[in-house]
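I have placed the structure first, in the form of structure tokens, so that the comments after it can refer back to it.
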Amino acid sequence: MADLKARIAKRAAQEFHDGDVANLGIGLPTMVADYLPEGVDIILHSENGFTGLAGAAEKGKEDVDVINSGGGYVTHVPHGNFFGSEESFSIIRGGHVDATVLGAMEVDDKGNLANWIVPGKMVAGMGGAMDLVVGAKKVIIAMLHTQKGAHKILEKCTLPLTAMNVVDMIITEMGVMHVTDKGLVLTERWADYSVEDIKAATGCPLIIADDLKVNPVEE
Amino acid sequence: MADLKARIAKRAAQEFHDGDVANLGIGLPTMVADYLPEGVDIILHSENGFTGLAGAAEKGKEDVDVINSGGGYVTHVPHGNFFGSEESFSIIRGGHVDATVLGAMEVDDKGNLANWIVPGKMVAGMGGAMDLVVGAKKVIIAMLHTQKGAHKILEKCTLPLTAMNVVDMIITEMGVMHVTDKGLVLTERWADYSVEDIKAATGCPLIIADDLKVNPVEE
Amino acid sequence: MINKIRTADEAVAGIKDGMTIMVGGFLGTGTPEILIDALVKKGVKHLTVIANDGGLPAAATGTTDRGVAKLLTAGMVDHIIASHVGMNPYIGDHMKDGTLQCTLVPQGSLAEKIRAGGVGLGGVLTPTGVGTLIETGEKVSVGEREITISEPKETIKIDGKVYLLEKPLRADYALCRASICDTYGNFTCYKATKNFNAVMAKAADTVILASEKIVDIGEHHVDTFHNAGVYVDYIVGGETPWQI
Amino acid sequence: MINKIRTADEAVAGIKDGMTIMVGGFLGTGTPEILIDALVKKGVKHLTVIANDGGLPAAATGTTDRGVAKLLTAGMVDHIIASHVGMNPYIGDHMKDGTLQCTLVPQGSLAEKIRAGGVGLGGVLTPTGVGTLIETGEKVSVGEREITISEPKETIKIDGKVYLLEKPLRADYALCRASICDTYGNFTCYKATKNFNAVMAKAADTVILASEKIVDIGEHHVDTFHNAGVYVDYIVGGETPWQI
């Protein structure tokens, strides 16, 4: 499983260009920063108010004025910049974040995304998620293809939406999919999953790209 | 005439309270700062981006980074603060300016104000005037009562408006008037102008306050 | 010059039952703890609190409640308007039993609604929340009950794109925190303590600033201070760095 | 790290005929003169310029044109969107003869429209301009001709109060000026040179920052820089204080 998550993070990292401004969700998406291609240096945006987010702070060396949006003590790069919340979301909503990588509970082939609330469960609030997916230039969903076998990629999200028509691409351990006007297009698969495997794990019609690329399985 | 202008500025200065944030127009309104009552310290807002506007800079000692909204080199008090134009008007529009003192070409008894454009003449632009009169908590018009005998206080402005229903009070060399729901109320006059003089110089009905105050003429 | 320096108790003395207060901070970082402590001591009721989150409960900090959590634990809050409340289970529990109203606002919209309230705009036209329950206001199940977490909102189409009309937010009081300020109230919040502090200082009838450090006017270059003192009514010294 | 340093000529190379450009500054203070000079040298035509004002003509400075005045004198501008144009008679004269279109916007609305364009909002709901020709768009006489200085605007009533819907402004390029920046483009404009520089840096596809001083990253405390470098595409050194 760890390997599959690394596979997803590695592939997502390929989407970045040198100088990009990015916002990475917690968990798997955070791993993307570890796999950036040679020569690709990105700057991470932290919703709570800065650019230049770096790793977690070393125990005992925390700067109590520097947290990430989860409240954890973190560090920042020297070319970072700190600002208020209205400015943080000016950067997001204004399209100054080149890409965001996030997980999802559900995503559908219209690019609708549900990742903030499950009726009947505790209501945590959306935080910055709704602004982020509406504002970022490119929204990449990086997640395991199914939730214990249950479809997460659907014809229509069943959970309350985070946003409409915002997802650009989905990267899973099985393949890479793009949301298009015609529907969801599978452009890459990993060699250990067949097209049939992927179709079976997907809850919406899947268009197979003519030039479907088969990625080798790394040892 | 200089004395009459000083009279107007002195009276306008009485409207301020210690700690007020104020924006003073050019010309006569600028003189208000020279006549503040003992113990009344106000901070002046400059539309181009700071609080703490002080006097003109001494020749040869100009700081080229400190101008007022007319482009002249000025100084600032040590508790001043500089900010961008969006913030400057956040202060204005947000009601954080306690009072503004301005001149007018025309003002009417509905509190409408015209002080930015004369059809047929050169168009200079409104600058910050429209925002200022809409945003300031109190709008005081300080001007000579007539323009070479022609009425400036009217039943209805004839020039294109700067803003609707914004003027709170008018201070002239003749008296002090308040814009109310019932109309324009004369609350003070100077001893050298009779109520009849003032009525004749005013282009709209004038309600005379029951407790009309008569201000002595200073030598 | 007007004297804005007060003790924390003096500064919060005017806060009354039923008022709306804004509280700066983000999960306890950049929250004006000394003002919150003074308010808890004073003990008002039925507050509406506008804040990014519900603060951190003692269970999360390992020591004491932090930020808005103190007001919640003290039972002083009827309604919280926030973007993220998952870190303080008090909120979830009391939403469930119906004793606390919680309005959820996307974080960027929350900041912008506060700004609109502070800068005299009629509202915010944002694409955020379109097509979600933030627009429709539909209820959400929290187990046995269905609760409202967002009021229905108008949408406005501008040049072919749909925007939500989010109305301005204002408060009676804003409790803000600075790292450094001068005696006039010009202030700066260092690093990630900025969050909602500056924007809230625009949007309340009375603004109280608790600062770690207060310097004399003119002691620092004017551009040291990111935020204008004209927004600040009272200044309270003695805010301390958060002891981990 | 990405290298944003360019010469002025390199930085403006992509500006083409017919583009819309924003220019920071207020009556010549805080204007990126070296970028304007490079643009005049390059010599593009039919620009739409968004700026606070029309700069200062040589007659006013006693030396040379300053700010946007250089572009106007060079005949490079078809349309200027500004709040105050009275200090540069070129504009009045050419509005009169119909060779220059001038759209006038209240200064606060201008700043906020640019901000809206830069921060992804659908428009600005402002009370400024309601009931004036900024709302109605009626023409104004400039002697023999009547000209349009404002397009008619929609009004929206919110909770009983009327607001103008002012649409966002964006540009192909923004030419901004800093007093100090680092090599990533984090920047600060000292004192009254701030004006439109930071807000314009949000609202253009390509942002060029001309700075008086460029320092290495990490050389100054992060809170020295008021504005985030993520907005800046190119950095040009060599801006000088205005010689009176």
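Note that the chains are named A, B, C and D in the order they appear, and that numbering of residues resets to 1 at the start of each chain.
Heads up, the rule we're going with is that contacts are C-beta pairs under 8 Å (C-beta built on N, C-alpha and C of every residue); 3 or more make two chains touch, one makes a residue touch a chain.
Remember, predicted model here, so these are calculated numbers, not experimental data.
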| item | value |
| --- | --- |
| Which of A-C and A-D has more C-beta contact pairs | A-C |
| CA centroid of chain A to CA centroid of chain B, Å | 55 |
| Chain A-chain D separation of Cα centroids, rounded to whole Å | 36 |
| Between chain B and chain D, centroid-to-centroid distance (C-alpha), Å | 29 |
| Interface hub residues of chain A, defined as touching at least two other chains | 76, 82-83, 89, 92-93, 134-135 |
| Of all residues in chain D, the ones touching two or more other chains | 112, 115, 120-121, 126-127, 190-191, 222-223 |
| Touching pairs - complete list by chain label | A-C, A-D, B-C, B-D, C-D |
| Chain A to chain D touching residues, read off their complex | 18-19, 21, 41, 43, 45, 51, 76, 78-83, 87, 89-96, 134-135 |
| Chain D residues touching chain A - in the complex, by the definition given at the top | 1-2, 115, 118-121, 182-184, 186, 202-203, 217-218, 222-223, 225, 227-231 |
| Residue ranges of chain B touching chain D (in the complex, touch as defined) | 46-50, 62-67, 69-71, 73, 76, 82-86, 88-89, 92-93, 112, 117, 119-131, 134-135, 160-164 |
| Residues of chain D that touch chain B when the two form their complex | 26-30, 52-53, 56, 82-87, 89, 92, 95, 102, 104, 106-112, 114-115, 126-134, 140-143, 147, 149, 179, 189-199, 241-244 |
| Partner chain D, residues of chain C touching it in the complex | 112, 116, 120-127, 156, 158-159, 161, 163, 165, 167, 188, 190-191, 222-223, 226 |
